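Quick notes on the structure that follows.
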Amino acid sequence: MSHLKVHDRTMSTSNDSTPILENMSSRGRKLATAGAGLSAAALLAGCATDAPQDTWKPAGANAQKIQDLQWPVFLTAGVVGVIVMAFIAVTVVKYRDKGQPIPEQAHGKAWLEYLFIAIPAVILAAIAIPTVGVVMALNATDDTECVINVTGQQWWWEYDYEVGADGTICGYAPSAVEASPIITSGQLVIPANTKVLLRGTSRDVIHSYWIPRLNGKRDMVPGRVHFLRLESDTPGIYAGQCTEFCGLSHANMRMETVVLESADFQKWLDNELEPYQAPQEGSLAAEGETTFIAQCSRCHQVNGLLDPNNGNIVVSYPDQFVYSGAAPNLTNLMVRNTFAGATWDLLTPECRADVWESSPEEFGDKYLAGVSQDCLNEIDLREWLRNAPAKKPMYADPATLEQTDGKVRGMPYLGLSEDQIDQLIAYLLERK
Amino acid sequence: MAIIERPSDEVEVVDQSTPSEATPESSYGVFRRPVETTGWKSWLFTIDHKKLGIMYGVVAMFFFVVGGIEAMLIRLQLAGPNGTVLSADKYNQMFTMHATTMVFLFVMPMAAAFANYFVPLQIGARDVAFPRINAFGFWAFLFGGLFLNTSWFLGGGADGGWFMYAPNSSVAFSPSNGVDFWGLGLQITGIASLTGAINLIVTVINMRAPGMSLMKLPIFTWMVMVVQFLLLFAMPVITVALFMLMFQRSFDATFFTVEAGADPLLWQHLFWIFGHPEVYILVLPSFGIVSEILPVFSKKPLFGYPLIVFSGAAIGFVGWGVWAHHMFASGLGPISVAAFSVATMAIAIPTGVKIVNWTLTMWGGKIKFTVPMLYAVGVIIQFTIGGLSGVTHSVAPSDTQQTDTYYIVAHFHYVIFGGAVLGLFAGMYYWWPKMFGKMLNERLGRVNFWLTIIGMNLTFGPMHIIGLQGQPRRMYQWTENRAGEGFFNIGFWNLVASIGTFVLALGVLLFFVNIYVSHRKGTEKAPLDPWDARSLEWITTNPPKEHNFDRVPQVGHLDEFFHRKYEDRGADGHHEFHQVATAEEVLAEEEKNADGHIHLPSPSYWPILLAFSLPIMAYGVIYNLFLLLGGAVLALVSFYGWGLEPHTAPEEDYDPPTGTSMEVASHG
Amino acid sequence: MFTTGSKLLFGASGASLIGTLLYGVLIGGIMGTVGLVSLTTGLIFLAGINAFIRDANVAADDVTRFSGSAAATPRPASSVWPIGVAVGGVLIALGVVIHAALTMIGLVVVLAASAEWLLQGWAEGASSDAAHNREVRGRLAYTAEMPVAAAIGLGLIVFMFSRVMLGAPTKSSTIVAFSIVATIVLFGGAVISRARSLSASKMFGLFSIVSVVLLAGGAVAGLNGEREIKEHHTTAYYAELDKCGEEEISADEHASQTVAGKANSSAEVTLSENGLSYIRPGLKTPKSGMIQLPRSNPNNILFRNETAEPRRFIAELADVEGSPARLCTALIEEGGVQLLTINYTAPSFDPAVEESGGYAFVVAGLDERIEVVVP
Amino acid sequence: MADTAVHADDHVDHGAHHTSTGLSNNKLAMWMFLGSECLLFGGLISTYMLYRGRHSANLGPDQVWDIPFTSASSFVLLMSSLTMVLAVSSANRDDDRNTKLWLSVTALLGALFVAGQVYEFTTFYREGLGFTTSLFSSSFFTLTGFHGVHVSVGIIMLMSLVGMISKNKVVGDKKEVVELFGLYWHFVDVVWILIFTLVYLIPA
């Protein structure tokens, strides 16, 4: 276990959780000697290098609470398991038929039986008490510092940042403009060391929001409002995955939570609220804008986008075409570095690795740099624009939609020409 | 057949089954009842609990193979990243139908097979309380299962997961008819379980042999009774839920329409109030089997029999108070989460009691490692693992990290495969000679056992790791960039799990090979009492006569048969047991004092007809309401045909007629 | 050799098999196919059983009959079924002219009657003993006759009587009629049970009179048609008519003042002496002025009135396509609660929305207002 | 359900086989069945209780109820329980005539109740409360509909039981069969009392 400190970049830099790690690893050593069994496998599983959804590598207060509660339980379970196995092994070896006489037909010993009721009862009681405590602690919402609405739909997540009564977003006032709601999708951006409360619901079926390294999962149920607390002191990207089966593309419904230092979060906020800049006249991007308005803007909103022909603001009405009634807002697509339900990266593998593995200090800048021309992962993006349903299974074939009165679930095939795709990519590249 | 005039030998029985030309006394019309005791007709219309038990077993094994193939396809798909064996759609149908098949069409009916065959034998009864309802139950289960699986050919199976959470189960999100087939199919099998439950409860409560008090009941029968009570109360709850689902999908009800303000958690509560007891419904019968086998091969009574009985009952009760631990992540308030978390831990206590008492049963015993014993010990070990991983997510907060990941998949496969399925295999090896009069080959059996154990641990063991590494369930693909590296990388262990599946499959295959090998021509008949067993079902021939016992045995001890064979010659507190009689002698004694005049109810074809009307109605709901009407009429008619039919066919129905019987008087 | 019973079933299954094939080949269509297929399987199944229950041969019941002289064979008993068939035929004919329903009825009558006829004839072949033959018939017939007769009887009573009640001029008169009939039944029963002398035939007569009365009444009422039952308008209906004012409307009568499942509300709006404020789940502090709600998502809004006089809560929805202009609750009394499920389809920055004054929560007759921002 | 396997042959008179508890199999089975029915209605009732307030801007319970009428029909159903008791007692006195009579009266009263329900449903529908209108309506019609079906099935069984008695076709012990039907009928009655109180009388 000792190598955990060495390898685990994020943990070793977080000073307050380090002591926990030390006593963990020391106990871990004891455990390793405790031998095989379930909990050993489990605890060891905690040390795999960089499994992004490792449930045993907490990176925030809430996940840490769970961790501190669960590893002793695993330990106990493992020890008990080993003892039971050993007992059984001894029995079957010691008492196999070696021609001994037929044993006494005893029907049991009362005191022994009661003893074996008492022991597990005591152990479980010892587990139960802290459990109740942690359950309550994880559900406390009074000290919330920032509320973000999370809405799941097939098969992506939408986040909208509320403007508080004081005209700030999570306590951050935009420096240039007056605060107005921000809508993003796929990647949730939160300030570090802030108690964030996700207020979640869903537009169609039940989804579940889960960032293993920040907190346990919480179902987001249509018609209901559920909460999930997120908090981290370590800038970085934390991976997650929808964990409530939500239909065809359940496997392709992912999410990532990006933690930024407060200065970086301020930057991100200002950037999000920047007024829309139309692409340069005659540029490829400008053609892209027209294509976008013609092909995409029925469902995808780009805030502040004006129709060059008549100067009206372009409003999308996804509810008229999409069954769930929403499509990702693309205003600042290229700031977040994933698309299509955080399933594919907008960054080429190298650039992605560069961002994901950067140290917490420089992470902020690298992330906010967004997606540049030469870092753009064109392969996936083009495939997506060419034929989305082929890349990600969705109910988007107009022929088979009588159950949803013609509305698609997911992005349909648009039949874009290669030129149009070039234009769109050029246009989208400027959305940051 | 109706009457056996003593002295009776098999020949006479066979005689009566070969029909000759109708005679003046012969009955009339299509309403002459089937009376054959051999040939396929004797199976189609039988109401003999033993024949029905065997048919339950055969059909269950068939569905076991089906479900297994579905499982293998799933594992093939997940063997590597971005698997392409199945489309997303097919994959979703696959895991839905795999779970549904294994739970409702394999484990439950396989337990029902043993319950049907052995409960009457273990309590010294000649049949169950309601033989025709028993037959109906089997046919309803069979037709329901087939109906469910016809969905594959009519637009695809259900694709909402076996838990079928709303609103994902509504028409908009699951446009094919799969979910309709699922819901209606489960309704039909549910009817089967319900009737079966009532039947077996009445049987155990009312038809025990003289002297057999409830605390002298064989432990398997006890566990079966607990299970039947669970079914009796769990089935109506899921029935309500399934009706709502049907109304929602077929008649536009609004139960799960969120726009109308519906609460999707309603379905979850209804489903799990049924679904959690269901877990014990699956596992308790095999606990019973294990508790039968361990004493036999340790030559020692079950340690703490009363405690095991009570813990079984306790599990039955507490099992109703823990359903919401399947919903720790679905947003119940902290109070209820905490409460259910603690309740869930509490249920670990009676479960632990069983494990301990099993081990203490072996302790100080005289252990023979036959194949059934191997399987029994296998259950103890594998189930312990499953139980302990269960404790780790009775802790609600850590469950929010584990639920809906492969860690849970690992957990419940250790419980259901390690606990239930291994136990059922133990039962098959143990009772095979009793059911078919042939021993299953021991050497093949051992290979079979070890392959199964290795296979299941290879398959489900790695899933602990995969789960803790954060791979959710029900994903038709997993990708490299979430797999991680190093010893615990998800990719490697997924591959191992997939390989394990095939080892497991090989093991199961060997079982069928074993059946073939053991039943080839020339394999000698099984001895009367191959295991030196302890309970009543062995005080009769292998396989038992149609009327089970020539004389209904008088019961004085918990392990009656053992105490008839052995006697304690020890003096002043010191015990030594000596064999005083062989099984043959015991049986001979019984046959000598056989009851003078035994009569059993006659076969009937109303049960199969009534059962047949159910899938017709179900198709009607899906496709055409007139069909529903037709089915309903058929049901009504068979119901009344049933009601108007005397228990026993009139003497004229037997050619040659078998003398007179008081039965005739009761035609009324 | 096969009996009539088996032959009947063989014929039927053969016919439906052919029908199925033809349908499958010519028309197709999953519904019909599945229907016919299961019908066919059902019939074949029955036929199979029938044939395999070897001795479906009723003639074998009584060998003496064949050896015996012609005199020994009993006369066929009188039978009503030919009439039944005839009536059915007439009905079919009439139906063709008058109404298809008649044809259907006629068809059913014909089928039923001929089945009975067949059965009777077949049973009378059983032996020379008439009683025995009735027994034969009963064995087969009762299984169908009893439940079907019972079901039809139930159906008639229920249908006819419900017509009568629907025909009754007023609610109260319905209750009276209902109670009277019930009492008659009850006391009728009591009287008859006392009157031991009453002969079976008299009782039969009595029952037939009662049923005739019932049928007649039902028929009359049915032709008379139901009394006029007014549709009970809802606040939604009045909202459409823009009638969400202070004054009481019919929708407010017995309007529910409580709501189940507050757990899943996305905002709880309260009208108190110091104005209109709201609480959103997760945060305890009440807010006012502006609320942000997700777009195209059913929002459950609870309205609670804590002021003395009854108030109507109104959600102003901008006039964009696919949504009403406004939704309103009924008048809510002090301490009352009501729930509105609102789905905003357009963002508040949509010009259409802005023109029509934007989204807001208001209370009829007060100038309290909460702006609703939909991003 | 009237079939029993012979357990030991010492008794052959039907319906009264020797059983370990002395209770007849049929009666025990009927109790079990009713026990399971309790949970069926339990599920339906709790669904209704959860959804009774969920009708947004549509018709609510108190706007459609016609308590006087429903009380009348409930009373009729109660009376049918009384007549059922009379039927059972006449059966115990081997008085076929009155058994048949009271069974028929019970069936008639039951049919009246069902007719009342049909009437009630029709009026609700006319007033604008359809099965699919709101959660409240769906759960209300499902709950009361399930009960109505139970009553109707009971009526059909009663009527054909009358037929079977007069044709002398009852299998097994006639007394017991009548008694079993009685058990079922009373159960359906009790359930209605519960529904009437919870659904109609307690204001939403």
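By letter and in written order, the chains are A, B, C and D; residue numbering begins at 1 in each of them.
The definition used in the following text is that contacts are C-beta pairs under 8 Å (C-beta built on N, C-alpha and C of every residue); 3 or more make two chains touch, one makes a residue touch a chain.
Keep in mind that what you see is a predicted model, and the values were worked out from it rather than measured.
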item	value
Chain pair that, of all pairs, has the most C-beta pairs in contact	A-B
Central chain (by mean CA position)	B
Mean-CA-position distance for subunit B and subunit A (Å)	40
Whole-Å gap separating subunit B and subunit D, where each centre is the average of the chain's CA atoms	32
Whole-Å gap separating subunit A and subunit D, where each centre is the average of the chain's CA atoms	53
Chain centre separation in whole Å, for subunit D relative to subunit C (CA means)	18
Touching two or more other chains - residue numbers and ranges from subunit A	221-224
Residues of subunit C touching at least two other chains	142, 146-147, 151, 261, 263-264, 298, 300, 339, 341, 343
Residues of subunit B engaged with two or more neighbouring chains	258, 260-263, 333, 640, 644
Listing of all chain pairs that touch each other, if any do	A-B, A-C, B-C, B-D, C-D
Residue ranges of subunit C in contact with subunit A within the complex	263-266, 280-284, 287, 289-290, 292, 294-298, 300, 322, 343, 345-347, 349-351, 373, 375
Touching residues on subunit B, where the partner in the complex is subunit D	125-133, 194, 197-199, 201-202, 205-208, 212, 232-233, 235-237, 239-241, 243-244, 247, 251-255, 257, 260-263, 266, 270, 552, 595-601, 640, 642-647, 661-663, 666, 668
Contacting residues of subunit A [partner subunit B, same complex]	38-39, 41-42, 44-56, 63, 65-66, 69-70, 73-74, 77-78, 80-81, 84-85, 87-88, 91-92, 95-97, 100-108, 112-113, 116-117, 120-121, 124, 127-128, 131-132, 134-136, 138-139, 154, 204-206, 208, 210, 212, 215-219, 221-224, 226, 239, 241-252, 323, 345, 393, 395, 400, 403-404, 409
Residue ranges of subunit C touching subunit B (in the complex, touch as defined)	3, 5-6, 30-32, 34-35, 38-39, 42, 45-46, 49-50, 52-58, 60-64, 126, 136, 139-140, 142-144, 146-148, 151, 261, 263-264, 298, 300, 339, 341, 343
Residues of subunit D that touch subunit B when the two form their complex	1-9, 12-14, 19-21, 23, 25, 28-29, 32-33, 35-37, 39-40, 42-44, 47, 50-51, 54-56, 131-135, 137-139, 142, 146, 160, 164, 168-172, 174
